[in-house]
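Pasting the structures here.
Here subunit A shows up in two complexes: once beside subunit B, once beside subunit C.
After this line comes the complex of A and B, so read on.
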């Protein structure tokens, strides 16, 4: 299976975020998961579990520490997918 | 201006303390509504199941005192005698002046109780997880843990610097999937689960988890903090109850629940356990457990092992309360266990419910997100072998009187 593009990863993330925060309005790569959307750590981890199933990968919790925005999460996913190849 | 309001106004943006603002705001909210479930003071302890709180006689249904041994006469006598003989504290680490013969005796007691080679004592259960997991999982290793594991497990992983992967709570298939993705790294992976999960009161499918672990040749650590004394023929925990102890590499536990004191331990059949002492910073750089606590724990461990009657009464009371709550219309989050959790939708609803229950004469724990696995606030009840049927009936009557509040919270959430 070809590695999904950053754009499609970002679309997937934004779709997940809209499910958690239906009233969040317009979301982009710069949307901050905590300060813009008010997600708590458990909500972020739950969202990651769904993304992990979609992409058949595991996201190490300790690598999520530097992720602040939807775009940074897309970058991490792409990096992990490349490492798994 | 109240001290909390003053603290809040002093938190300037972009200051060192700005990150504490959400905590200050949450505390301010609690002050404004006049309810503080996180600062309740027990003015006097009357027995393992009763205390004076806010000047009122209160039934305790939130203490983790599962076997009710905190006032055991033999344990008290051993503690008093040792306090007089060995003093109030060790004033040192096990690596320095803080190793007494008594500590080693309790380690041998635990090893004999579990039928394994060795044991290490820690000063708290939290430190036991920190000490064992940080020593097992270093930067090149991977730890695969149940998503609902206790904060001490997450913190232990962080201290060691291992890569940390979560699997879905109590889902051996998801664990299998995570290990498969690790390929050759799975052989050295450390899997971490708990026996009884403390928030919702659900039990791990440990025999299935052991089967997965054995397929990949990984290492399995089981935290039996809340299941010690409760499950298994002699109270060794869920692994004993599910007859899969041989598949567990390291068992971690605490003195602060069924054993009625404060402290932690790790037991193992593996000879590497003794080396963990020398690799465990929370073991090396903490003063060792207080001698009187070690003495009382030696006694309560014996009582725990012989405590079939205590476990029988504990589960009878758990069944009584669980079935009683169901009959009233409440929805406990898991099957019958000594921990009964009820989700209450909405923080304010949960705070008010908890406060009314306390005013009626029962103390339980209130847990708010993100500390709850469900994302909803929950009332967490824990039972004791020392509870009698009349106390549980009295608590059920309080829940019956408060049912309209619960129903309203459920209705407002679904509206």
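After this line comes the complex of A and C, so read on.
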């Protein structure tokens, strides 16, 4: 399976976020997951679970420490997918 | 590939922690076939660690650590991820005469810097000579140690490269030496290291295993509790080993992501004993699917321990109802009470008994501090009150553990009178590391002031509220002073400008609220501040916090001039009520003004 593009990863993330926060309005790469969306830690894990299942990878907990926006999460997923190859 | 973990039963005669030290307990367990098993986030067994192998590995690691020639009792910080290396180094410290200090391995989204600050505070408090983290955490650990006199910082591989010292016998920690230093209790901002001796923890383990759980030869434990938490470390790492039982572990984060994994492992391995805060049972009840129920067999589950936060009867009820079709026995729920300062446990409800709820008149309790049973008061006064509280009976204290309920003047009160819970016994801590004043404020004449509120009925303990101001979100203890400190770090906030507490939402969940005094009138500036605070609390603590900005001099004070969190909470609830009434009136007048109606 070819590695998904950053755009498609971002689309996937935004789709997950819309499920968790249906009232969130328009979301983009710059949406800050914490201060714009107010995800709590259980919701963050819920999102990670779905992304891990979709992409068949595991997101190391420590690497989430540097992620603030949807775009940064897409970058991290792409890195992890490349590392797995 | 590994498919089968260590066996549940073996021929080694069972001993209930009747040992002088953790090393003695491990040496005995190593003569059998049981051990620890580690499962990944998909439920696959990735490491099988019989106590026999663990003992050998820990001895060899201890020899390497000994080669460093550190003074006896030197501390080693261990970033406590649920993994075999943590366990090996924890026991290696026991054998090498070092004090292990488990610290949290939990980073929140965007929380790298906050985690490093938290680690740094723990390292400043515990002043370790050595610090170890899993490779993923090593960089953060190094940042946290920067400029501090920690001699060796590394992952397990780093310490494994040390050359083993000579073959002379190891000198394990003795009964009067510390078994570990525990940081679960207390605020992250002002950490307190609980000092627990070998004899204290062995005494508590014996009480837990023989009296609390009546652990038997067919028992098997399952756990996702973190090793840096007292229930995870003492209850589910040390206790099974001290009674030579096998344990199946999944990572805490893996559980939080896939709660059904816990049930799967319980079912697969025939687990009989597992513990969780009420939050874990709630999470499972919400996520379990119809199709799981046919697959799962939870009929062997003998002890489903519940503790660590005030137990809401509804969360247990939901779990029992959802899982009863899979064979879960509601009488497996075992309410218990304890804290790191007593090693772990103070009391257990009787085994196999249904959870007993005491329903009391809430107003009477609030005004008179007396827990009047609602059934009784209906009989005597001929009326029932609208407001009641439900509290779970947490059983008798363990042998050797004395409990008293005292009023604010220090006088012991009779049954059903609410007060502060004091405990005494051989499993108490020695004190908080390097904090004699704080230690003296909670420990005197052998009695520990738990800070928890409760009452007794026929020698059974009932908890009405934990540490006066503590906020509990999703099973985690949050200290209000930590939230307030985050606020005070903002340039426009001064000390004593913030007051944090929890309120109960309509869905009965606790939500953190912080009332902050703000001198700005510009709505944009105010919004910006509220947003910044929310984000900072989230990054640091991983929780949502409602920010309520109020004018200066709004926060109430006690008679001694200190900020009153309970007063701030009452004022906040009043403001909320006024706001919602105002909103109702607004809506009402809008409707009247509008000619269109539906």
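The working rule: the second predicted complex is superposed on the first by the 85 of 85 C-alpha atoms of A that agree within 3 Å, B and C clash if a C-alpha of one lies under 4 Å from a C-alpha of the other, contacts with A are read in each partner's own complex, and residues count from 1 in each chain.
Everything below uses one rule, namely that contacts are C-beta pairs under 8 Å (C-beta built on N, C-alpha and C of every residue); 3 or more make two chains touch, one makes a residue touch a chain.
All values reported here derive from a predicted model rather than from experimental measurement.
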Combined model on subunit A: subunit C and subunit B, fit or clash
clash
Once the structures are superposed on A, label A:42 by its partner contacts, choosing first (subunit B), second (subunit C), both or neither.
both
Answer with first, second, both or neither: which of subunit B and subunit C does A:33 touch in the superposed model?
second
Of subunit B and subunit C, the chain that contacts the larger number of subunit A residues
C
Touch check for A:13: first (subunit B), second (subunit C), both, or neither?
neither
Between subunit B (first) and subunit C (second), which, if any, makes contact with A:74: first, second, both or neither?
neither
Once the shared chain is lined up, is A:61 touching subunit B (first), subunit C (second), both, or neither of them?
both
Which one of 116-124, 440-448, 548-556 or 584-592 is the stretch of subunit C that crashes into subunit B?
548-556
Subunit B/subunit C common contact set on subunit A:
40-42, 45-46, 49, 58, 60-63
In the complex, go through subunit C and note every residue touching subunit A.
41, 105-112, 115, 136-137, 140, 253, 256-258, 283, 474, 531-532, 534-535, 538-539, 542-544
In their shared complex, subunit C is touched by residues of subunit A numbered 32-35, 38-42, 44-46, 48-49, 52, 58, 60-68
Quick check on the complex: what are the subunit B residues that touch subunit A?
142, 147, 154, 157-158, 161-166, 168, 178, 181-182, 369-370, 372-373, 375
Can you check the complex and tell me which residues of subunit A touch subunit B?
40-43, 45-46, 49, 56-63, 84
